[in-house]
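Structures follow.
In what follows, chain A forms one complex with chain B and a second complex with chain C.
Let's look at the complex of A and B:
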């Protein structure tokens, strides 16, 4: 079979081969390969789905079916900062809708050159496991609890103004957070450098610091 | 405890014995308790997706709601299908299903035959509490060139996805997104181009998937339905032909578990659009200079009678008859052997098999034998391209655990699911057969698989370039396998019926050899003396026309210039003939050379019986009137015979049908009445009990020469080619591939050509396609495309690089 993954980085191609070899059926490697594809391009493009289909011996639409089922596989371009506002029940009761509206309108406020250069993507998500600290927000999957609409606006302004290379949950919590669900203790997080969730077994801790790839950072 | 193989269950307080292991929903239906369903389909694996079939099943911890489509019956099972709990559950499910379903029944093709409509009425609450806005999508979107999708109507039952994946093996439809946004769709720019896409329209329980052609054409209550047979290939799938106001509007697969299990290929389903082609011949035509002029039937009949009567019988030949009914074929055979007095008749065009092997092989199997086979051997044409519904049946057997061995000169549709896929260079089939039959290093695993019976062997000619005697040798080998059943493969729609009716130089009606003195004298008792000389087959007839040993020829729906192995010979033969009369529905390369062209009715327009590749006879019913002045070949021959002063007894198909049952030994008792009142809609395999088949062909090992030469040729068949019906069907036209010459990378390198370079293949210029699936020193060209039909089907081929202009 002629591999069509030539536009993946060498590391990721090797990683893909290792992953496929670790399953008795090639198609079982589908999910981790989609994750590698996300590392490569920051989202799962149509081309990436074709690549994964070729690697796993299934059809592209079967890949798309899985990729589109799981919302953390992004199928469109994501900015350097992915701001996820939880709107599930606890956060909703804590005023998440206002937080979301505030974030969305402040994104509008910073539109223009600055936003185009380092765009922020906003999404609303279902429960992210921080109900005790509702309403909760994530930036590149790093958590902040007890966020108010005002703090959320400040967060967006801070992201736009300082453009942090590494997103650290403790730092954001201190600057923009409120009541926490409980004291998490000191995190050993290296922080997140890309809008990709951490997924240890397949080469990424803290949002792709190992992944590298072609994101140009 | 119930008797062996059954279990006893109690449904709504009544005890029933039902087959062990059957799904509860099917068992309940068997005993008259209908449980509503959307996702459940008898021929598809259970998924429990729609939840409509919830029933209460009593268990150790009280009764619980269970999906009856996923639960097998067990002994002593107590089931309630009509309690308040069940009713409430079903009402709830219907309310959910209808949340996003539009109320557009009045403009929906499914309205009137819609399971959702029907079951909402029968099992729904009647009112919805949902007052919010419904989900909408852009509509309709094409999922293929034949099928449209209205996503908002979908109830996510998974039937189309399972048809595409499990049945057809083309997983190109899937669920995209999730939750209330879930939809069925294809991958961007990768349409559901399957040979079986139309089946999704038929199984869709709502109006989500509709046929491009049928959309907005009719309401179901205006349709008349006629049970008939699809005369597209020799599987002869059972169909329901739906007509309105004298027009065929759609064709649905009919449940015939012995044949097609309800499935159809898109060619079966959509070819009828050719019937209403503006290019149909609708009046008799006689030659007038370079062209034709229209004439009346009586004048045409007089002319044909005079011209045929003006020759010695043995100077006349007849080619064709494999696309009509048994009655038409029988009338042609009788006309030739009695009225004309010629033994030169052949339903095959040099592209088939030995008639004895094809019609009368011993240990002949049936299609349903495949279900019970441990091992299936396929050595013949690519089933997916030639007999697609048989391909589905082989797929099913493999899905259920049968081992599959495919032997072919090129990749076939079955390779991906084959246990062993053996490839040989076109022309070297005898070598690989010897290795299989006598054992050879490297073939142990295949031999071991083939030793595991029962074996069903599908044996035919992989392409027109292959020596037809190879199939005889393969059949002899296959017969030696444990508990072997054989199915000879020919593809033309009613070729097996035509051979059984004696449309072969070596066969008389009812599987009697012309060399069988007792059989000959028995037929002479009713027909009078038969011609004594040996009959010529099609290629011999064409040669004889060139040599003037034959002077006149009848073409019965046959186009030898397209279909026989050597187009140039056929062309010279028809040019040399003093008189050519053609029965056809369309002008073809061959009919253009005829002196008289008679408009022939197509299979939706005639009544009769037909015989498929397993020897199963089914009723073909007329669903619409013949176009224009078209009539059946048999009725035309009856008129011509009368004008020649003879009585053919073929004015009416039922008369012929009775005569077949009387004089054709293998068809003894096989009357239309037997089919209607005894056999039922499944049809019956001849000979039926009480009848015997005189000829029992035992295939023998024959020494077939291996073809040498720099390049050998495999003329691969394709489902969508430039065949006359496909060409004239506005729905299927344009699906054919452009022709290419496929060759192995090393051969391309040795000729110094790359993909797309023009190459000269036996005088025909075609682009190269480098394809590692082609064995070395062999080329593969798709047969009968507009670009490839000039290539003679010789086993070796001259392939040269095209030199640039000097």
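Let's look at the complex of A and C:
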């Protein structure tokens, strides 16, 4: 028996079925389904948790107990662009507090002109595994390494002015990044369409399907 | 000393080392063919035991010995830990983004050896690019017959499922990871039972780190003895070290252990920017007690030598601090991390990490009290009795004792600096 959430898009219903079928026990699909529900509802709403409970055969309060444990399941209050500034130890040593301050003040500067339908949310986060390219920033979990306060302000202005549909890590790195933790390899043409991780099986990617020089999928 | 195992392909082919075509053109999947056609399951396990490969996730437990504990019940699972979240660590990210087929071949060989037919890779949610690269590799592998119902005509069946985390450091602890993978809060389980006996869905489960599994193809091709011959006896093979902080050449380095810290920091890492003096470094991520130049520059970089000097290599994160570093602020930054990431199950950790952070904060804010150093040590002692190394625990998992490391480090090595900061508070308040 696979429950279907009729108000989800057809594609997301199919994804949910595939994901549930890929685990020996359907409760394991809970976290992936919370990501898909975030695509449907823009965040983990009460309705989303009820739907995921129905799909996984547990109660809504059990879903809430899990969703509230993990910082990346947002309960609302997040704009189209989630700017996460790492301020853990290595980024701190590299001046991340100045990057965070610059971002926060530039958000203040642009708040008046930013239309409500595309707001930017800023958060400081713990280590995102980019310590060799500190300080590091993510936009919708897509990475930029070697960011300066000046580049961070330019990033906010760029997001406000261009309002990209798809957030691409290589594009941002080229525009606003500096030293990287390591060479990244060929360009990654897939990116984030929402403030959730961009991952094909969860339906959260945008952009082309084949990167420059990379194999087809 | 230039032996490399894990990073040769990505170094030689910087743009496309992640693709199946490049992998096959550089000897990829030949180890799998050897495993499936020339070796028994026990042969592979014996080679991994003979390699002396010690788990790269932090604990350093011998991988082959862990495999030997796998209980016979069916089904059984392999879970690869790519939840790399220890502050300072970014080497699993590189291995997964730049050579995903090497990891995948390791998964397939390991699954064959362990008679596993469903393997999972738990990838932290903040690594979407690593997840995309590995998913592309998985898709390519299914298409080419390296995964599925009949792996390369051998009759061996294997499925691989990637699972994204959602921002909880604690899920790097293997039993918390299993709970998370089951759709639960990422709270560590009491051990025993160990996962090898009761793991995922209470079935026998091996949990191995990305770097450990990425070594399996080389060990299969070249033999365990060849791997064991590299480096010091009890730190065999190569190790990926992530270097960050105040260092001229941050990045990941695949090294053979056995050099001194002086060589690592000044020769490989290029020394300290602008000729400033080295003040301290953390040899194994935020959880590890700190090293200082007067005591440890000539200590050997090996799992056992670092342990004998009261710290750990851990997952291989070297965080360097120069003379300009406010060590109390640095310790506070690490405590803030642990206070945020404590899962809350165990009182000493849930309360203690927040208290330690709060006391450091008030010292930093100029409100320190004379009794604060003793208070810090007392709270720390309640989390990790005796403040000894390796740490004793009053908690289910090592997160609490990890949070104690910055406290013991600054009180041991930088006590005058801490006392002076508190004394300035007294003058101001008084």
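Here is the rule we use: the second predicted complex is superposed on the first by the 183 of 217 C-alpha atoms of A that agree within 3 Å, B and C clash if a C-alpha of one lies under 4 Å from a C-alpha of the other, contacts with A are read in each partner's own complex, and residues count from 1 in each chain.
Keep this in mind: a contact is a pair of C-beta atoms (placed from the backbone, for glycine too) under 8 Å apart; a residue touches a chain by one contact, two chains touch by 3 or more.
The structure displayed is predicted, hence computed values, not measured ones.
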Next on the checklist: With both complexes superposed on chain A, which partner does A:168 reach: first (chain B), second (chain C), both or neither?
Outcome noted: neither
Item to check | More chain A residues in contact - chain B or chain C | outcome: C
Checklist entry - A:128 contacts which: chain B (first), chain C (second), both, neither? => result second
Checklist entry - Which of the two partners, first being chain B and second being chain C, lies in contact with A:154: first, second, both, or neither? => result neither
Checklist entry - Of the two partner chains, chain B (first) and chain C (second), which one does A:65 touch, if any: first, second, both, or neither? => result both
Item to check | Where chain A meets both chain C and chain B, residue numbers | outcome: 58, 65, 69, 71
Next on the checklist: Going by the contact rule set out above, which residues of chain A touch chain C in the complex?
Outcome noted: 22-25, 27-32, 34-35, 56, 58, 65-66, 69-73, 87-90, 92-94, 125-134, 138, 141-143, 169, 179, 181-186, 188, 190, 192, 197-202, 205, 213-215, 217
Checklist entry - In their shared complex, at which residues does chain C touch chain A? => result 10, 14-21, 75, 84-90, 92-94, 97-98, 118, 124-129, 131-133, 135-136, 139-140, 159, 161-169, 180-186, 201, 242-246, 250-252, 282, 286, 317, 319, 321, 325, 329-330, 333-334, 337, 340-341, 343
Next on the checklist: List the residues on chain B that touch chain A in their complex, please.
Outcome noted: 171-178, 185-188, 190
Checklist entry - Which residues, counting only chain A, touch chain B once they are in their complex? => result 46, 49, 58-62, 64-65, 68-69, 71
